[in-house]
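Take a look at the structure set out below.
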Amino acid sequence: MDVVGIGETMVLFSPKANGSIRYARDFSSRCAGAETNTLIGLSRLGHKTGWISKIGKDELGEFIISTVRGEGVDTSKVLCDSSAPTGIFFKGVVNEKDTRMYYYRKGSAASKITPKDIDKQYILKAKYLYITGITPALSQSCYDSIFYAAEVARENGVKVVFDPNIRYKLWSGAYARETILKLAGMSDIVLPGLSEGKFVFEDKNYESIAQDFADNGASKVIIKLGEKGAYYLSGDDRGVVPSVKISHVVDPVGAGDGFAAGVLSGLLDGLSLKESVSRGCAVGSIVTTVNGDIEGLPDRETLKYFVESSNYNEINR
Amino acid sequence: MDVVGIGETMVLFSPKANGSIRYARDFSSRCAGAETNTLIGLSRLGHKTGWISKIGKDELGEFIISTVRGEGVDTSKVLCDSSAPTGIFFKGVVNEKDTRMYYYRKGSAASKITPKDIDKQYILKAKYLYITGITPALSQSCYDSIFYAAEVARENGVKVVFDPNIRYKLWSGAYARETILKLAGMSDIVLPGLSEGKFVFEDKNYESIAQDFADNGASKVIIKLGEKGAYYLSGDDRGVVPSVKISHVVDPVGAGDGFAAGVLSGLLDGLSLKESVSRGCAVGSIVTTVNGDIEGLPDRETLKYFVESSNYNEINR
Amino acid sequence: MDVVGIGETMVLFSPKANGSIRYARDFSSRCAGAETNTLIGLSRLGHKTGWISKIGKDELGEFIISTVRGEGVDTSKVLCDSSAPTGIFFKGVVNEKDTRMYYYRKGSAASKITPKDIDKQYILKAKYLYITGITPALSQSCYDSIFYAAEVARENGVKVVFDPNIRYKLWSGAYARETILKLAGMSDIVLPGLSEGKFVFEDKNYESIAQDFADNGASKVIIKLGEKGAYYLSGDDRGVVPSVKISHVVDPVGAGDGFAAGVLSGLLDGLSLKESVSRGCAVGSIVTTVNGDIEGLPDRETLKYFVESSNYNEINR
Amino acid sequence: MDVVGIGETMVLFSPKANGSIRYARDFSSRCAGAETNTLIGLSRLGHKTGWISKIGKDELGEFIISTVRGEGVDTSKVLCDSSAPTGIFFKGVVNEKDTRMYYYRKGSAASKITPKDIDKQYILKAKYLYITGITPALSQSCYDSIFYAAEVARENGVKVVFDPNIRYKLWSGAYARETILKLAGMSDIVLPGLSEGKFVFEDKNYESIAQDFADNGASKVIIKLGEKGAYYLSGDDRGVVPSVKISHVVDPVGAGDGFAAGVLSGLLDGLSLKESVSRGCAVGSIVTTVNGDIEGLPDRETLKYFVESSNYNEINR
Amino acid sequence: MDVVGIGETMVLFSPKANGSIRYARDFSSRCAGAETNTLIGLSRLGHKTGWISKIGKDELGEFIISTVRGEGVDTSKVLCDSSAPTGIFFKGVVNEKDTRMYYYRKGSAASKITPKDIDKQYILKAKYLYITGITPALSQSCYDSIFYAAEVARENGVKVVFDPNIRYKLWSGAYARETILKLAGMSDIVLPGLSEGKFVFEDKNYESIAQDFADNGASKVIIKLGEKGAYYLSGDDRGVVPSVKISHVVDPVGAGDGFAAGVLSGLLDGLSLKESVSRGCAVGSIVTTVNGDIEGLPDRETLKYFVESSNYNEINR
Amino acid sequence: MDVVGIGETMVLFSPKANGSIRYARDFSSRCAGAETNTLIGLSRLGHKTGWISKIGKDELGEFIISTVRGEGVDTSKVLCDSSAPTGIFFKGVVNEKDTRMYYYRKGSAASKITPKDIDKQYILKAKYLYITGITPALSQSCYDSIFYAAEVARENGVKVVFDPNIRYKLWSGAYARETILKLAGMSDIVLPGLSEGKFVFEDKNYESIAQDFADNGASKVIIKLGEKGAYYLSGDDRGVVPSVKISHVVDPVGAGDGFAAGVLSGLLDGLSLKESVSRGCAVGSIVTTVNGDIEGLPDRETLKYFVESSNYNEINR
């Protein structure tokens, strides 16, 4: 097993047309979960991945299972809770500057994950444990579970990879900051976005934010800079990797998860940190050119072609 | 105002194709609520109606409001609760014998209706108060509210019309039976289905069930007999009204609500009970020939044409 | 040229779901015209056909032209009138017994057909002229045109085939009756439905109706009897041809047009009247098993397979 | 009542894909009317509005009624004419520079509005009467009705708001100019687009056009300048309000109607003219980022968020 | 591993509307393969299954893999052939009696399966090997592979289950008969349809056909009798199991595959042959009430509910 | 007859959403063929065109026939081969830089065109023979047929128009180059894209490439330069015609075919080469603003409006 992830995946319903959601009559459903996005991205690139989670005993949960399993992610550790529903949410683009979300995830099956649901042996088989800052915000038992998992990994030489992925709606600012810092401190690799870094360490530039995370305990820090690419820091090895230029962002959601998949894929392949970050940038860019979180995730060939044709265009412009 | 109704209306999401819901990718949304179905049916037939309820402060709530208001039902007494979401549910036909529903209504805005939300003066303006057995099962405050409303109506000469509409999933059997009996006892008109009557008074035939409801306090009892029509009882005035024959039931849901609309419309028009029940049967039949709860509800002309062409076919067969 | 037809073809918009049309948000468009249905049916069976008509100078007219021409019907005599729009209509199934239509055909381009628009030489090249009772009801100039065409055909040995196709909404009863009788009197073959026959000659049975039409001038009369098949009469050659049994009528519209195509196809192939009527019944039956007027029209192979498998089932039941 | 509007609303059918409309098989229907767009925009922002109009006795008319009423606009003064159909039109994007429209509105129910259909008392209850230059072009009786309404308002202290909205296809240039001038002269607030201003007063700049309208009688003139914003003039109070920057215009139609709603909403809230125009610009901008005339109209919260996030981006660029 | 299956799965494209396929503009895609249908049916009921096959190196092949894997079937033995495309076919209901199929499977990746592609050890891990008569008809190498697999199973105590599934288009009658007989002779369980039995042993009744298959070597023979149920024979244990009554067959395709899944599931659960056949009938019935081959396949709960509600209805009629 | 074309037209299936094709469930079908695109473009502009080709005896072939015939192209010389299927292909936008195609055209009906299928007399009736470099790459018999047709035309004064349209997947580079040169040498008008010119004559600028083609035998050479327009050369008459500016390329496919239609239309109208190339540029531009190859092809009026409004904008910017 290369990477094990823990977290909630929900069914996302989105109107087929933009504008006030009240006018929508037709909705599409999709699987949406930060952790599974990354695991699927890794699986698409040929790595072995596994997912720990909980779904409700309902058809929406079955939809999630068959989608994630269909992508090649091992789902043998996903439990089914007959007392709680699978979480869902609605997302609609109200206007150009206003994307609205309505969650029905309170009391969801995944929010009932407890440390007992975390199979220690399963984590120990992996090279990396992938977690995000969403899970500890779901419930106390989720909070306990994610810390338990991180400790288990840490104590047994499984590298912890942490994407803060702060959902401000889910918890209070101070508590979020504290939890993020704690988890980041237990992690080997931290992958915050620039604005998340600013939130945690107040308003600073990316170099100092990266240093702060390093001082806080992470051996590798990668700050996502959006269109500008990413900054990485690992001891003295540091620098900015520019993103792959694209002409039109269709859907920015999922770019960060694809980025994480690309970085981890590079590290698993034995690439340097810089090369790995570069792969992360490429995967992140591809994802934004397509609607949906996983629909754009590339396999090796697609990734290669994308990078090459980008370089080609860059040179020939 | 002719009829005021109280109750929860949710947004229903249904897959565009039959089969296990896990395979669905495309969903349609609709407004679905027993009480608003009846109010809309009445409005379509030209009567003045009003609705008391609560929606969440979200776009799905706005969808409900604009739909119900668009049908001509007064929605000035529908409150908006910013602390709770609008209830939703999923309904899919898994196979011919198996329609499955998944509710996300626990803690919904409507479940937070309290007696204070019931505007007494609004009820007093109406000739009929229309309630169902769903509302008292939603929460204690809903229970209190519905009894409060029934009492207000009863004490002030507004006739109470009660459709048991028992949702067995929502409450325990004994408590349901007791509540239904209590509310039925406070009502002038009771409109149970045959199986509901059997549930409340144990296994009996429709004549004795009707008598039981009458003995329990209702002055008019109408037992819905499905394809066979309906049995009515009001003192010595009693009998079976046959249903209008149709060749294919497309969607049985909403037939009972349409039935109630037809009966009340007849009574508001000053028809005899038998004639009113006959109108109820016709509206109920039409509704089943069309997908959706309200899409088939007839205006006066459509109703007339349906009844006449049915009679014509009956004679010419 | 085997058959030339004259008449209006409109664009039909139908809601994608049944129920009150006010709820429809999605509509499908189709070409719909009695005469082109028959011409397309003939073309599908390998006969050469041509169409005389008028469309507006608009995209809906172009849609009609490309559809009809795409089916192999010659459209070189379809004129374009830049001063009037292409006629359109809406059709929706409100409930099982109630299909509603809304026409926007008043003053349409086709209603402006005048005798000058009828190319005499074009008609003379055909073996049959196919007309219906719809056209004379569209406008005075249409009335004049259809009589002009019938006379031209009659005087020059082109057989006139007439399907009354009475649209009661379009004209007054007395005038309709008179016009139908007049046109039927100028025709060699008349193809009324039973109820149309009853309307023209008052309430009688099909044998006497057929005789009435024969006495009125037609040498071949075929009365469509719906599910029972058709009755034909040509001098002493008479009898009932049973229809092909199907298990479910999906859409009855267009069956009569397909029937006419089948009958004419048989006659063009040199079959006996009885055999031709039998082919008409088969085509009519196929058409009703499919949504749309032309989507079910069979080519030779499909027709053969349909008849054979029907016979097979008939025998093996 | 805050604002009463008079005018025709039609059902718009648009192909689901761009390109020659002849290729379209799937159409969406929508309500489309300049006046109801503005009324709905006002209603969305919390103001009380009413609509005077006429629909045909058909399902398309019912669709219009339920949509407009559903938005909270009072439709009690919308009459139903059983002798004329509800107007409809088709709109398709043939290519980037070519949007084509086909109208079926000649002789429509709304074109049959007469002064008798205008309820004087209803107008007198309002603070503003909202009219456009479309209505007088529909028919002589519509012309009479709109002048009657304007006079009634004027004489009784109801402010007349006039958007020229010149549809060049509907009438001759000279007559249009004359009518627009006349109506503008009877209005308190005039809201022309720049090109309309140029059409009425020949080729000039916006300052002089505004002055011309003021000299012609309007106390407040607002010239819409498209992407540049709007120029307002009220005595000495004058200036340009810049528009809110958006990154992509999805559908410009309806922007002017939204602009009017924003301006009137501001005035009703007691804002200064400049602030009101600013609100108009914001609403107009939002509307263009979404397909459809009303789908993008904001409620208070959405408007606030849009303006704030625009300012934020402006500053942070 | 409970059951391993070998065979081709294709992508099926079907028009969204019935009628001549030439009118179709919108198509849905689905996975379709007799063997994977059965494996998925077994997986849905909780059994462990694996699939041996080949797909092309293309996105349609990836669609098949993710679908089958998503259902819980092990796909680790599905190879990818970069020199041949994944097979596809089109299926459309032309009319009630005429479903047409167009195949693009000649030279497909699956037709290139060779005995070397069959992992002997994988088969030996299973309790049953599931094969059909389709595979040997695809190519000589497929023929060789299926016989190789059957021999491997037979020699090592893995039970061979064989569904003839004769596709008359794929091969000549004599050769088909010979091959079917040969494979049936190597099988423990044979599951022919009645007409297949008649084809192989000429025209006889089901009892004698079953005996013929038994004499040919099978220890258990089950003849599918369509609506009448199924006849089973295993030594002296024989009889007819009636099918579960349903009111409407929506799509008969896939019923046989579901039947096989039900029978094998029963046997794996240790049920008697009769009980297993009964389960097969129930699964087959469910499948026909839903569109698609796998969309109706039941899990345990759905199966139980279906059987119980059928019995209930049977008794209460 | 103005122009006769020879070549294969296939049915194209494209997913309704972008992203990996494996996620697609809904596909649209379209006719796609370089030669028919040009013929349809010419037909739309009022020229008489005919098509020589072969389809399979299947519904997809019938779809192609009715589409092309519906556009007014004569299809009387399109043969039907009952032994081979109509070619199809899939095309999906995987991401911004990656459009993927999967062909099922090997052994297609059109690949079986032989010189015997080319009706010499039919070609002789035309002013231009239109061919592309795709056809000779389909099969040896196609290769022979296209050379036969070119010779027939050449010997009899029918001008040969040749668009290289090199599909690198279909043949080896050297062979492609040789064949293109040979066909170009037999042609009067050659219409390569710039990159095609570079491929044939190695890396050079457009002026020298044009001269090379002229030296190779063509009397008129037009090099398509994409957004920059086109360069033409005919003896001393040479120059660059700028393209019509558009703001957004929606779908570049089909632009070259539209370009050819525009150029030929100009020449048929007796315009100068420069004017004809200018028309070609305009048609090519329009086509790219709309999805699909033929959906954007303009009629005369649309073309005129497009050019005028472009000029207008150009001047007023």
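In order of appearance the chains are A, B, C, D, E and F, and numbering begins at 1 in each one.
Here, contacts are C-beta pairs under 8 Å (C-beta built on N, C-alpha and C of every residue); 3 or more make two chains touch, one makes a residue touch a chain.
For clarity, every value in this text was computed on a predicted model and none was experimentally measured.
Note down the smallest number of touching-chain steps it takes to go from chain C to chain F.
1
So which chains are sitting against chain A and chain F at once?
Of all the chains present, those in contact with both chain A and chain F are D, E.
Going by the touch criterion at the top, tell me which pair is linked by more C-beta contacts: A-D or B-D.
Output for the comparison: A-D.
Among the chains, which has its CA centre at the largest distance from chain C's?
Farthest by centroid: A.
What chain lies farthest away from chain D once each centre is taken as the mean of the Cα atoms?
When every chain centre is compared against chain D, the largest gap points to E.
Averaging only over C-alpha atoms, locate the centres of chain E and chain F and give their separation in whole Å.
So the centroids are 46 Å from each other.
In whole angstrom, how far does the Cα centroid of chain A sit from the Cα centroid of chain C?
Averaging C-alpha atoms per chain gives centres 63 Å apart.
At least two other chains touched by the same residue of chain D: list those residues.
Where chain D meets two or more other chains at a single residue, that happens at 20, 23, 25, 66.
May I ask you to sort the chain touch graph into line, ring, star, complete or other?
Basically it's none of the tidy shapes, so other.
What are all the chain pairs that meet the touch criterion?
A-B, A-D, A-E, A-F, B-C, B-D, B-E, C-D, C-E, C-F, D-F, E-F
Using the touch definition from the top, list the residues of chain D that touch chain C in their complex.
13, 20-29, 58-60, 62-63, 66, 85, 88, 90, 92, 100, 102, 104, 106-107
Which residues of chain D touch chain A in the complex?
Listed in rising order, the residues are 246-248, 250, 286, 289-292, 295-298, 302, 305-306, 309-310, 313.
Residue numbers of chain A touching chain E in their complex, please.
65-67, 69-72
Along chain B, where are the residues that touch chain E in the complex?
Of all residues in chain B, those touching chain E are 17-20, 23, 94-98.
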